[in-house]
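What follows are several structures.
Here come two complexes built around subunit A, the first alongside subunit B, the second alongside subunit C.
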Partner chain A sequence: MSKKGYFTELYVGGKSLLVGLGVTFKACLQPIVTVQYPREKLDITPNYRGHIELRRDPESGECPCIVCGMCARACPSGCITVEGEKKEGEKGKTLTVFALDFTRCSLCGTCVETCPKGAIDFSQDYNIAGFTREEFHYDLIRRLEERG
Partner chain B sequence: MSEAQAPLHHRFHLNMGPQHPSTHGVLRVILEMDGEYVLNPQPVLGYGHRMQEKMAEARAWPGFYPNTARMDYAGALHYNHGYCALIERLAGIEVPPRAEYIRVITSELNRIASHLLWYGALLLDLGAFTPILYTFDDREQILDILEDITGSRLTYCYFRAGGVSRDIDDKFVERTRAFITRLRSRFPMLEKLVNGNVIFLKRVEGVGIIDKDMCQRYGATGPVARGAGVPYDVRRAEPYSVYPEFDFEIPVGENGDSLDRFLVRFKEMEQSLRIIEQALDRLPDGPVMAKVPKKLKLSPGDVSFAVEAARGELTYYLISDGTEVPYRMRIRVPSYSNLSVLPELCHGMLLSDLVAAMGSLDLVIPEIDR
Partner chain C sequence: MMESLMPELIRMVVAAVLVVAFVFLNAMIMGYLERKLSAHIQRRPGLMEVGPHGILQLLIDGLKLIGKQLVIPEKSDHFLFRLAPVLSFAPVVLPFIVIPFSRKLVIRDLDVGLIFILAISSLNVLTILVAGWSSNNKYSLFGAVRSVAQNISYEIPMLLSLLAVVLMTGTFSLQGIVAAQGKIWFFLIQPIAFITYIIAGVAETNRAPFDLPEAESELTAGYHTEYSGMGFSLFMLAEYANMFIVCSIATTLFLGGWRGIPLPFGDYSGIIWFFLKVYGLMVFLVWIRWTYPRTRFDQLMNFCWKYLIPFALVNVLVTAVLVKVL
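Our next item is the complex of A and B:
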């Protein structure tokens, strides 16, 4: 390599490093883009697909599930268990068990799409942690009652 | 020192991976080392094998939707797209135009997100920590946009045979347009920070040259082939969806070195932005889901469908025996072929160059193992 080539390269290379440094320096003066989680939290979108949850019909205030079991059959991972029983004086079946094994759920949304009554919806929970598998076996009827 | 001169007792084996920061997943490469030089690197696969193909053969076809996203977590929508289009081709389902446009827009957003992730990761492998923070900032915007309509941030399950599961709204269009402007304004910054940087150029220029012949022999596709000067892109070669309606270029490289592959992906981001812009301008109204029977038996026969994923050509091949459950499913993933060039490509290289060359292949390991 000739002397000139060497010095040109030194100059061009050195300059490129300074230009890059300039970019970094400018970024130092710009507003912070990260969020100081967990002290600060971002709102998540209402369209977020968390684990599924039973929902109430806004008019009657009751869960419209008719225990048809279509969600359980459509789930590719087989994580939904639905059971119901026939009660005296009531039309159709009443929901007695609606269990979700969240450890196997892949959050695909097939169950929500298949439900003919719109009885299930996605929850907004994302901060979920636990020590045992059983903590992720959800009893959705109880959760619905707790939500009031 | 050439291989013949090296005294054998200087040789030793080195395991790169399965847990190694530059393999970006559980890939193990057995390196035979001669000092700092790599001889005969051998990738070992299968640490993340989940039998995705077998799973497809064990359940009714709609049950495979969530699996598609779990293969390539960085470009999940392309995998969604390939699978849904495969079923549509077999069952003869017409997809409404609006749904096709939404698919193109979201797929291209996903491609940009994948390229941004790779951009930062490659530079991280080369020892530059700063760029990944900038590209992640941009990528985060895409994830927010996609989360708002698909409901998830990474492993999307958004496309359905016959359309998409949820329509986009004005907010989506607005945010996407804002993102296009934002990313365009960031390109000059990235060019200044990285593309002209002397250390970066010295690390990638002339390193890991893949020529056209090699691409053909190994079946390398995507930016790897385009970097070698092969203008092969499924969106052009075998157009699907509404891609023929858009005006975009296919960037190609000249020398086939790591720098060319880098530049091809960098330019592709701008092309994706162009496609998104055109698609947003011409977005038709109408339904986003075709009428598809709840229980759809797949007609007997075989069918294949190829899409251009972020890393190259992805092909689904399905044989049906007339039931709801596919008889055989075969998935041809781009990273597998792109990785297979490694032993030939990196023979006799410096170890640090191997990291650069491997980074420029943009490997996603769960996709290879699948």
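Our next item is the complex of A and C:
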């Protein structure tokens, strides 16, 4: 190694070390970017496609489902069950059963696309773990009522 | 006869208890600082669970380690395997005897204080070798071999940089060296020696960027791979106490020891200044650790033999000439 290279290396190396210290010092003063997971949770992106969920019409506050059964027929896995009954004094059918067997759902979203009334939407749930299969047989009407 | 011995005996017992207690406390403080600072450098919150901002986490960790079993590998050298952690703990306690914490608070101001510290702390290498060898594990042995090579080569620039200060003061007594820094602290007169000492000190304590003996990605944990429970924690205590000793030597020799702007605490202000300086330096070492990546072994040796030793040698020579002439 030449004499010139020796001191140049020392200077360049020393300078880059100081720059490195500066980088970590600045990072130390900047706000924290992680969250304490079980206590704090990040907001899920609106594009997240969880299992399906019935939704309310924002104007009337009621579920716009007309029990046409399009979603159940469109589902390639056959995991949606829709039943309804004709009630006295009401136009059309009323929804009585809307069951989703999430163990077989492939999250393709065909049901959401085919629904003529826009009554189905993707949920934002991602913390779904369970001990039995039955925990994934969702009663979507009850879930809708629980959400209020 | 007995009566004249009693005060001395009490003094020894009190000193021993204080030093050992301090070694444990220091490991807790440094463990917390290290984890918290590393977290903030990586923009994480770090310890948050046990106590406010996790300050009790290290206490819990310590209790956990005490409660754990010391697993001894079947084909290891059982006697040496048990002996090594104890051996590593003993030499880090002894240097506290001569460290001047303030004008009056020093256990024994030996005339050869500096030599005493250096002699005792170089024993640490031996214990690492004992630990690595007795574990009968390739990672442990590699870690130990690396540690020995590294420590032996970095001892030279370390001694040379300290020698420059000793040439100026003409004494090995640490109180004497502090007394010589009444007007100006030596890091201003001896910047090269100071920088050399800090770099060599980082290497001596086996910390990043010179943490090859315990390089996680290559050697799992190096020489203490096989240790669990209290065996492991004695090594950790020794590492942090070693860090404290390296920083307190740097403080004593280069940063004016317990000297500082007078605080309104009388004789106690010296202690406060001393600890402020030492912990400032230790935080700096933590900062270095979480900034730089690990060096390669050839880089490590090149840096020592091609840069540190020539610079330290020239520095000693110039200092010697100047001391003679002036």
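Methods note: the second predicted complex is superposed on the first by the 107 of 148 C-alpha atoms of A that agree within 3 Å, B and C clash if a C-alpha of one lies under 4 Å from a C-alpha of the other, contacts with A are read in each partner's own complex, and residues count from 1 in each chain.
Just so it is clear, a contact is a pair of C-beta atoms (placed from the backbone, for glycine too) under 8 Å apart; a residue touches a chain by one contact, two chains touch by 3 or more.
Given the structure is predicted, the values throughout are model-derived calculations rather than measurements.
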Partner chain(s) touched by A:L107 [first = subunit B, second = subunit C, both, neither]: first
Subunit B versus subunit C as contact partner of A:F122, first or second or both or neither: first
Which of subunit B and subunit C A:L17 touches, first, second, both or neither: both
Which superposed partner A:R49 touches (first subunit B, second subunit C, both, neither): first
Partner chain(s) touched by A:F7 [first = subunit B, second = subunit C, both, neither]: neither
More subunit A residues in contact [subunit B versus subunit C]: B
Which of subunit B and subunit C A:Q30 touches, first, second, both or neither: second
Common ground on subunit A, meaning residues reached by subunit C in one complex and by subunit B in the other: 17, 20, 23-24, 27, 33
Contact set on subunit C toward subunit A in their complex: 37, 40-45, 48, 287-288, 290-292, 306-307
Of all residues in subunit A, those that touch subunit C in their complex: 6, 10, 17, 20-21, 23-25, 27-28, 30-34, 36
Interface residues, subunit A side, partner subunit B - complex: 9, 12-14, 16-17, 19-20, 22-24, 27, 33, 44-45, 47-49, 74, 76-77, 106-110, 113-114, 122
Contact footprint of subunit A on subunit B as seen in their complex: 59, 62-67, 70, 130, 134, 137, 144, 147-152, 155, 157, 165-166, 189, 192-194, 196-199, 294
